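In the two assemblies presented below, chain A is common to both, partnered first by chain B and then by chain C.
Showing the complex of A and B:
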């Protein structure tokens, strides 16, 4: 049986270094702007959380293996080699204190995509056996059971029954030739079953055909979070196979940031070919329905509310206007938080951080940034479009003793749908 | 004669008050003085007894005197020279022989400690016989006259820095005034020759304020030597655009492009030629199509050919660039190739990560 070793990790680092990474390390001007963009730095003031510093193991391998000077100096024994102890120390920086939120990539004046590099560095960390326990467990459950939270299809079936009862609508399973394949995140199955009801109602009103799939209901991808393309490929393949077997036109990513990033952007690279279907985030689909006049709502939310932008949606997906247009249909008293949209701050739990027990204390500390953003607004309700954000927001608000309900945008829209159609 | 004020002399010469004030204004602006100083200059020039000046010419070509006397007379800078008390200038004075020397001795005695000594030409320190006046060696005469001078103006590059006589191999052991006299205020007005108006303005400043104007590190008046020719040259835009004349009769030369490549020393030469110009503001060497020789700088004769450009590569740039590029590309390709091999091997050796490999066993 094979095992994780330092040598295997080192080889993985070597394998991961490509021309963009070489260019990025060469271009870094050490300006420190990425530090100011990272909430782990701004909320702790600890310079070790400077994003580019988190990449030191990867930089060492690049320098020693791929630069002329680095090769010569390491030949003469003048450079410090990367050690297993380095990796053990950097585990906290590469996993616990990076949510892959992408703010650093956006501010970098020389255009270094730091998230891309962290993502690559995690490949080395996984192979070296330095990934966090919580994520290892989640990855195992995802592969063996089918979901990182250990949710099995029978669990979903129970929720489906419940939703059918509540809505009076049939929820199709494994139907071929429909327009949409809806995939979910475990959090939606366990914590927010109202999401499934909302989808049923919206699809019914928009008169669209859709289905769930018994072999591919889980959209989250722990492979990407832990940083293993091999595992990520295995997981994404389930959805690709299901979508292509069912011959759907579009796969709808749930309200989950990383599920969206993996499905929409990383998936084709992982499987090495283009999809034979489209991928859209549920918010993108809803906005298309809205624009096509297929979304009819009535009444307005009375509460003063604001929207928390999921990082993957705004910075990776560019989905900024859509949620605001949708909110405009149902909310009169909507206010924007500071840095809303493209530069909104992360909830602190993305990128798999929410699965790491050791990171919880730090995660709660850095939630202070979101707390400051929210306190300025004095809102009654916080809306978002990511189940993971939602859980982290709820936990953070509780930790800071703030009484503020968090609502998913899809559910909010569903609640205002014109009935009896 | 020297009891008369300058104002008296000017009126005797029929110079109008207006013409005189114009001169004062010109002097003020040349010296970069505020306009408020114009009345002060006028008052000083009108009421000062004419400054006694002794002019000594040593190893020189008389070009400096020519510059001064040929200067667009009858403009005012010519006039003021008529109206200082030029007590001794062996080229210009009518007296000759012992009478001339007597005039010098008298002036030195009468104005001891007050007269202005102007020197043109360098001083030979080898054989004293190389250059003598009335049997007195240049060195002896300089020392004698300098002893009673209020200040010394070294006119021309020879007096200021040694000039042509000092050029290698310096057969006469020529030296500049400041090499030999160290206990008097000395102002250098270099140039081969200097611009006339620069000479008169320096003298006017001395008369007006009783002291020397602000000087640079080579004791040149900042007002005239504060900026280099290149920075003030009307051809500078062509330099910035990289448009150069490569020969004296090519298209570039005809179009008036920058003469840098033809050896123009403008970038390293500090003088007022590009602004005050010569011959009553008609032109200056670069405007006439020839590069600056750098005549107001020390060692200008020994600075290499006048036609050798400043800091232009001596190697064949294109060849060296080509070889460097080829060598660079070869190194780059080798290193790149090695890197690509390393990366390919790393990818080949990839062991698929499964959930069983995530921990160390």
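Showing the complex of A and C:
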């Protein structure tokens, strides 16, 4: 990364502004409805967390640079110009208190896509040197070591061996011409090794060819969370190169919401061209297997369970029905959370917030929203499809002294696979 | 000293033309300066049509996103609806307004009987008062509001109020109150392009962009 300065930041803000952003700033009527959609406002009652307010720095740049009136008034010294102090102050609002969940974007009556703007505002913040330490560290590790949590391929190799032992299946590495390239999130490698075993079993049963790649096994993209396209591009390029070299048809994004957003939606724009392969979330792939009769399960979960929709999967990704259909295969006692699906509330740790130490207290506070949702349901198990959500849910539940196991959907399905096909 | 009749002639003549020119050119320039920035192409594989998503969101955002939103923002939503609907009824369906539009643009349509217009005017004024009070007491709105928000409130309130006063001949001579009414509308037209009033036009673009971005992903925004 080149040295961050205010001037670079200002230039980056300026470069991010496009017609949609101008339309959004032109349209805001200060109605305040976006605040009521944001868990950082609803759980704290502090109006400074109003989503449109988080965008003040970006708005100032737009006004000064892209409106005639703004240019004129700033020439005459009548406009309050953006300062480095503003950015320092807004760091808390742009990073610590936004999980890029996108609820505000669905609610705004004039149609402002606020999360689109916050994502872009972060580009300016990084360039100006106002991004959080935790995220910078994670991003550096991701670029140098290959993984934000510092996971190296040897770590994964140990896991592969273990998974091969437990499942009795071979886990393919660097195979060319297979159908699927499976990438993982660091969380899955470190905290949830069950995921890899589940994939091996499911692929075996569905009779599909797949591979891991030793040079691109990690899909978590800190670049996107911190808001640095440069880092994001480097990270996504590893996967693109691997997928195109191995000539796979489809890359399977792990149970990680932001990894999916980057791979599926932002990646092609980061590298400036369409991919020569497809990207699907594991849940989409499983649902395709189900629809094609390639996923055979037996037995049902007895527990009363509910599903936490990862924001990047539903609101930001369009994967809404699939997890429900899959749950239908293995769960009899499934209940929906209030506001489930497109309007679900964030766990509070998305958008890189989980990597910011200073944000932990606030994050725990806003988890109250999830707590209320869960208390109403009185469930025994919470299922989700994002390893980051899962960690945050576990931490939140612990902080609020709630005893509720959190399970990944892929693993749950794998546990019910019909053996010996 | 200008007489009420001269004053009326002035606001109807030269002043009206100035306001109209500022309004029309202002809006065009503001829309162009917005659209000419452009945007980058999206290379991701679309799940659904972005175009259809854009069109869908233009319509969907006339309604609250869900019942939770309705419950949390009840005042703004209800008073907002009443104000907007009332304002457009009075603006577009009051017979003298229709005649003015006919004279200026050459198109016309049927109006509503005056008692209905009268009721709509009162509703609009009340809704605007509710919106102002809400802006002053609701912590989010008080925090967000700038000088412009209050100024625009006043500039929208005045034409409705003076229109009501003119219709009921509250001020004599009639020419004076009518002239004040027209002047207040002209003020509104002059500030329109440079303030949040622009949302009247830009919200269609905002909704379209938002809906198209979400629509690509298969999300009904």
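Keep in mind that, in the parts below, the second predicted complex is superposed on the first by the 419 of 421 C-alpha atoms of A that agree within 3 Å, B and C clash if a C-alpha of one lies under 4 Å from a C-alpha of the other, contacts with A are read in each partner's own complex, and residues count from 1 in each chain.
In this section, a contact is a pair of C-beta atoms (placed from the backbone, for glycine too) under 8 Å apart; a residue touches a chain by one contact, two chains touch by 3 or more.
Predicted model, so just to flag it, every value in this text is computed and none were measured.
Visitor: First (chain B), second (chain C), both or neither: which does A:48 touch?
Guide: second
Visitor: Based on the superposed arrangement, let me know which partner A:129 touches: chain B (first), chain C (second), both, or neither?
Guide: A:129 contacts chain B only, not chain C.
Visitor: Is A:14 in contact with chain B, with chain C, with both, or with neither (first, second, both, neither)?
Guide: first
Visitor: Would you check which partner chain A:237 touches, where first means chain B only, second means chain C only, and both and neither mean what they say?
Guide: A:237: touches no partner chain.
Visitor: So in the superposed three-chain picture, is A:333 touching just chain B, just chain C, both, or none of them (first/second/both/neither)?
Guide: In the superposed model, A:333 contacts neither chain B nor chain C.
Visitor: So, does A:74 touch the first partner chain B, the second partner chain C, both, or neither?
Guide: neither
Visitor: Does chain B (first) or chain C (second) touch A:3, or do both, or does neither?
Guide: In the superposed model, A:3 contacts chain B only, not chain C.
Visitor: Can you tell me whether chain B or chain C touches more residues on chain A?
Guide: With both complexes superposed on chain A, more residues of chain A are touched by C.
Visitor: Based on the superposed arrangement, let me know which partner A:316 touches: chain B (first), chain C (second), both, or neither?
Guide: Touch partner of A:316: chain C, not chain B.
Visitor: Let me test your reading of the model: by the given contact rule, A:157 touches which partner, first (chain B), second (chain C), both or neither?
Guide: neither
Visitor: Determine where on chain A the residues touched by chain B overlap those touched by chain C, and list them.
Guide: Dual-contact residues (chain A): 17-18, 66, 68.
Visitor: Which of the residues in chain A end up touching chain C in this complex?
Guide: Answer in residue numbers: 17-20, 22-24, 26-33, 35-37, 41-42, 45, 47-48, 50, 52-53, 66-69, 105-113, 116, 264-269, 272-275, 278-279, 314-318, 338-339, 342-343.
Visitor: Where on chain C does chain A make contact in their complex?
Guide: Residue positions touching the partner: 29-30, 33-45, 47-48, 57-58, 61, 64-66, 68-69, 72-73, 76-77, 80, 138-146, 149, 194, 196, 198-199, 202-203, 205-211, 213-214, 216-221.
Visitor: Over in the complex, which chain B residues touch chain A? Could you list them?
Guide: My answer: residues 331, 335, 339, 342-343, 346-347, 349-361.
Visitor: Which bits of chain A are touching chain B when the two form their complex?
Guide: Per the touch definition, chain A meets chain B at residues 1-5, 8, 11-12, 14-15, 17-18, 65-66, 68, 126-127, 129, 131, 136, 139-140, 143-144, 226, 228, 230-231.
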